[in-house]
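Note that chain A is present in both complexes that follow, paired respectively with chain B and with chain C.
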Partner chain A sequence: MSPQNEILLEVKDLMVFYENAVAINNVSLRCQKGKITGIFGANSAGKSTLMSTIAGLILDLKKKEERKGGERISWFGEIKFRGKDITNVEPFERASMGIILCPERRQVFPESTALENLKIGGYLATKEQARTSLEYVLDLFPELKPLLKREAGFLSGGEQQMLATGRALMAQPKLLLLDEPLLGLAPSVEARLAKAIKKINEQTDITVVLSEQYARPVFPIIDHGYVLENGSVVLDGTSEELMNNPDVLSAYFGI
Partner chain B sequence: MELLIYGIVNSMSLILMTIGFALAYGVSRIPNFSHGALYILTGYMAYVFFAMLGLPYFLAILLALLFIGLVGAALYQFILIHLRGMPISEIIASFGVGLAILEFLRWAGLRGMAITIPPFIRGTTTVFGVILDYQRIIIILGGIGILFFLYFFTSYTKTGLAFKAIAQNERAALALGIDSDRAAVLAVSMGAVLAGLGGVFLLPLGNITVEMGYEVLIFALAVSIVGGIGSWKGVVYASFLIGFAQILTVRYIASHWHFVVALLLIIIVLIVKPSGLYGKQKELEERV
Partner chain C sequence: MPELRKERLDRGVKVRAESIYAISSMKEIMFLIGPGLVLVILLLILPVSLPSFWQRIMALTGVYVLLSIGFGFLASYVGLVSLGGALFVGMGGYISGLLNSVGVPMFLSIPVATIAGALICTLVLLPVLPLRGVYFAIVSFVYPLFAARLIAALGIFGGTDGIAGLDVMPNVYVLLYVMVAVVIVVMFGMSRLVNYEDLGLVLRGVKDNEQAIKASGLNLTWYKAQAVFIAAAMGCFGGAYLTHLYGWVGMSLFATDFSILPLAATVVGGTGTIYGPVIGAMLLVPISEALRPFGTLRIVFYAVILVFFVVFFSEGILDYLKRKYEQFEHWVRV
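Coming up: the complex of A and B.
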């Protein structure tokens, strides 16, 4: 296999159950190194569950639910990162392997300043890496420069998303998981962020997986897309293939 | 002048007594109800190392602090870790451990007024015309030192920043590679060391008694409720509020009322602003 189409992330026959309800039903997907993969679907299609299963946060959720005697969460199947099975690896270990999730609804640290958010993002980075990454993030999002001293909770949605993306970049990702990065943003800001995501992918060797409800704004930047419905993959293909599918156009792309 | 200086001393004492409780809660969301027991245990261990084993005083204190740090870590690693996310169980378990420690100490001979550790420096001096012993000056300086240390620790070190991250959003912190269990064990351990530091600063002023352990826990709760639980700013402001209220009560009403003032302030704050001066109602809701 040439390094050009090396598979960085492979999900094989993944099933996730919350108690007896199926959240992810037999999902398989492959993400090529250096590419952008999109995961599309309506609310409750399983996008966020899939993302947090890849990032390993579901292990933490399971642990907490077990301690409380709450919902039983279980999963079957395999998640491979760079050929290694990581299905039961703790989330912070996955992060240090380079799998970094930028969670849904941004989840910035609201009481910390923007700069502190970025510094926290650099938890896994060396001093040298943190310095270069900070420079890169501010270069990518110059809008953040005058806001560095501001508390993150007071930033606008678009600014928070830039901050959350920048924070994830500080963590030295190899695989960047963006869970609904454009949620609730104005169209002009959507375009701005989509461009930035493309730029990240082009300028660094970071592989991106992003999930969205409405595919239109990110459609031009993805290489490959999967469409989820009720936890199952109902369609997948390159962006052109998806674009030319009439069902997809009407149902998911709002065109 | 006397009121002002003794008010500051009293407020600083409250900060020293409670900052460890606030730190552990702020990071790990664990209300460590064995806080007062850890405070007394440190003093008692310092007494054991110094008076019974004859070690140099500062070495004895250092060993006692190290010991209490390990106790805190063990408390989390072996007991509290199983109860994360269940506040009532956390309270019962940590309070139980505190009871066990304090009553064990009583059984082991911590009775009456006989046991005490000496001040760091003996003697008194005059500050702005007020007679003040050196230990109380050390308390003021030590309190300020600890607050500065904590500020720099949480602003400039990776572990400190990780503490802040976990306190604000555990999931987001996990996704960035921060291990929440490791942060929590460190936080509870650090909270124990801070409780111990409070003990070695403050206990030389009086005797080491089991009752003092319960009293410290009540003060920690009073400061946390008045200031807003887990909030650092809240700890400082509430300590000064309660500290000065106590000194004024002692001066103008009667000295045995000073304990009631703290409790009265709890009730007033709970009526007027239930989340505390700097607390966030939102956090309380999320917790429920």
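Coming up: the complex of A and C.
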């Protein structure tokens, strides 16, 4: 296998149960190194569950639910990162391996300043790395420069999304998971962020997996897409293949 | 290798009991009212079957049960962490004691102390009600310390000696059955309040999202004050009851135990319900008393039991029992 199309992340026959409900049903996907993979689906399709299972946060959720005697969460299948099985690896260890999640609804630290948010993201990096990635983030999102001293909770939605993406970049990701990065943004800001994601991918060779409900703004930038429905993959293909499927076009791309 | 997963399913009788079939046969009816019936029968036969040493403890347990219901109600349904158990007990105890010492008969002084004490407690706690977070806990914890020091320093209300020679209940059965009746009424009444009444609905909303309550046109502080009044009334009744259990009122009614034990009982019994704290208090107080032969080591054993529960059984006894009662598990292939 040539290094160009090395498989960075491989999910095999993944099933996730919330108590007796199936959230992810037999999902398999492969993400090539240096490419952008899109995961599309309506609410409750299982996008966020898939993202948090890849990032490992589902382990935390399971523990939390166990403690209060709530829903019992179980999963089966295999997640491989660079050929290593990480299905039951703790989320913080996955982060140090380079799997960084930028969570849904941004989840910035609202009472820390923007700069502090970025610094927390760069906690695992060396000082030198952190400085270069901070420069890179500010270069990518110049809008953040005048806002560095402001509390993140007082930033606008678009600024918070840029901050959250920047925070994820500070952690030196090899695999960047963006869960609904364009949630609740104005069309102009959507286009701005989609361009930035493409730029990250081109300039740094970071592999990106992003999930979206409305595929149109990110459609031009993805290399490969999966369409989820009720927890199963109903369709996958390159962006051209998806583009040529009339059902998909009307249902997920609004074209 | 086939992978197996444990599946949890509701028992058939539970599913039937949720619908019109609930009244189809005795089995479904007993499934619904059985647990409550067992608790009530237990409470009714305990006073006559216990030895006299344990009868006193049962009376004390009743006071703690009321305090725990109050704590659980405020914590699980209103979102207020109250450490004011000692304030409520002390307030009710002293009002009842003072009234009784000037000649008001016991059957009048207890209800008056319950209502007036709850009113005063609500008034003194009013300034912190609009705040969220630890402020309510801190202030409600500090008031009883403040009151006890005030009484000691000024020598009012009998000072450190307290007021002795008050009326006591005519006999131990009256004593216990008064408490059993109050506990039964409060327990089922509170369960009804939080589950079926409008006030309970609003209070659960207060816990979840205060801004949404304000946006719905409801006066947040007024609803919180009502909730505090209800919890305080239970505690004040407990205090007044203790006064006439001992025939004496003193500074020990402001003891920190009354604030802390309800918290532990709620954690052990299970949060999020009214019956959880009841079960927690009915276990913890007797355990605490049963450990008395160990002398000073009592607190050590007690602490070990508490830590065990919190670490290994943190969902609470009631939640665990409820799940076993309503559901069964079996293995299925993935």
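Here is the rule we use: the second predicted complex is superposed on the first by the 255 of 255 C-alpha atoms of A that agree within 3 Å, B and C clash if a C-alpha of one lies under 4 Å from a C-alpha of the other, contacts with A are read in each partner's own complex, and residues count from 1 in each chain.
The working rule: a contact is a pair of C-beta atoms (placed from the backbone, for glycine too) under 8 Å apart; a residue touches a chain by one contact, two chains touch by 3 or more.
Here the structure is a predicted model, which means the values were calculated and not measured.
Participant: Clash or fit: chain B and chain C on chain A?
Facilitator: clash
Participant: Applying the document's definition of touch, where does A:Lys68 land relative to chain B and chain C: first, second, both, or neither?
Facilitator: The answer is both, since A:Lys68 touches chain B and chain C.
Participant: Return first, second, both or neither, reflecting whether A:Ile100 touches chain B, chain C, both chains, or no partner chain.
Facilitator: first
Participant: For A:Asn20, decide between first (touching chain B), second (touching chain C), both and neither.
Facilitator: second
Participant: Which partner chains sit in contact with A:Phe154 here, chain B, chain C, both or neither? Use first/second/both/neither.
Facilitator: Touch status of A:Phe154: no partner.
Participant: Name the chain, either chain B or chain C, that contacts more residues of chain A.
Facilitator: B
Participant: Which of the two partners, first being chain B and second being chain C, lies in contact with A:Phe76: first, second, both, or neither?
Facilitator: Second partner only, chain C.
Participant: In the combined picture, which part of chain C sits where chain B already is, 8-16, 26-34, 134-142 or 170-178?
Facilitator: Only 134-142 shows clashing C-alpha atoms.
Participant: Per the definitions at the top, what is the overlap between the chain A residues touching chain B and those touching chain C?
Facilitator: The overlap between the chain B and chain C interfaces on chain A comprises residues 67-68.
Participant: Where on chain A is chain B touching in the complex?
Facilitator: 55, 57, 60, 64, 67-68, 90-92, 95-96, 100-103, 107-112, 116, 119-121, 123-124, 167-168, 171
Participant: In the complex, go through chain C and note every residue touching chain A.
Facilitator: By the definition above, chain C touches chain A via 3, 5-9, 314-316, 319-320, 323, 334.
Participant: Could you please specify the touching residues of chain B with respect to chain A in the complex?
Facilitator: That would be residues 82-86, 155, 158, 161-162, 164-165, 168-169, 171-180 of chain B.
Participant: Residue numbers of chain A touching chain C in their complex, please.
Facilitator: Against chain C, the touching part of chain A is residues 15, 17, 19-20, 66-69, 72, 74, 76.
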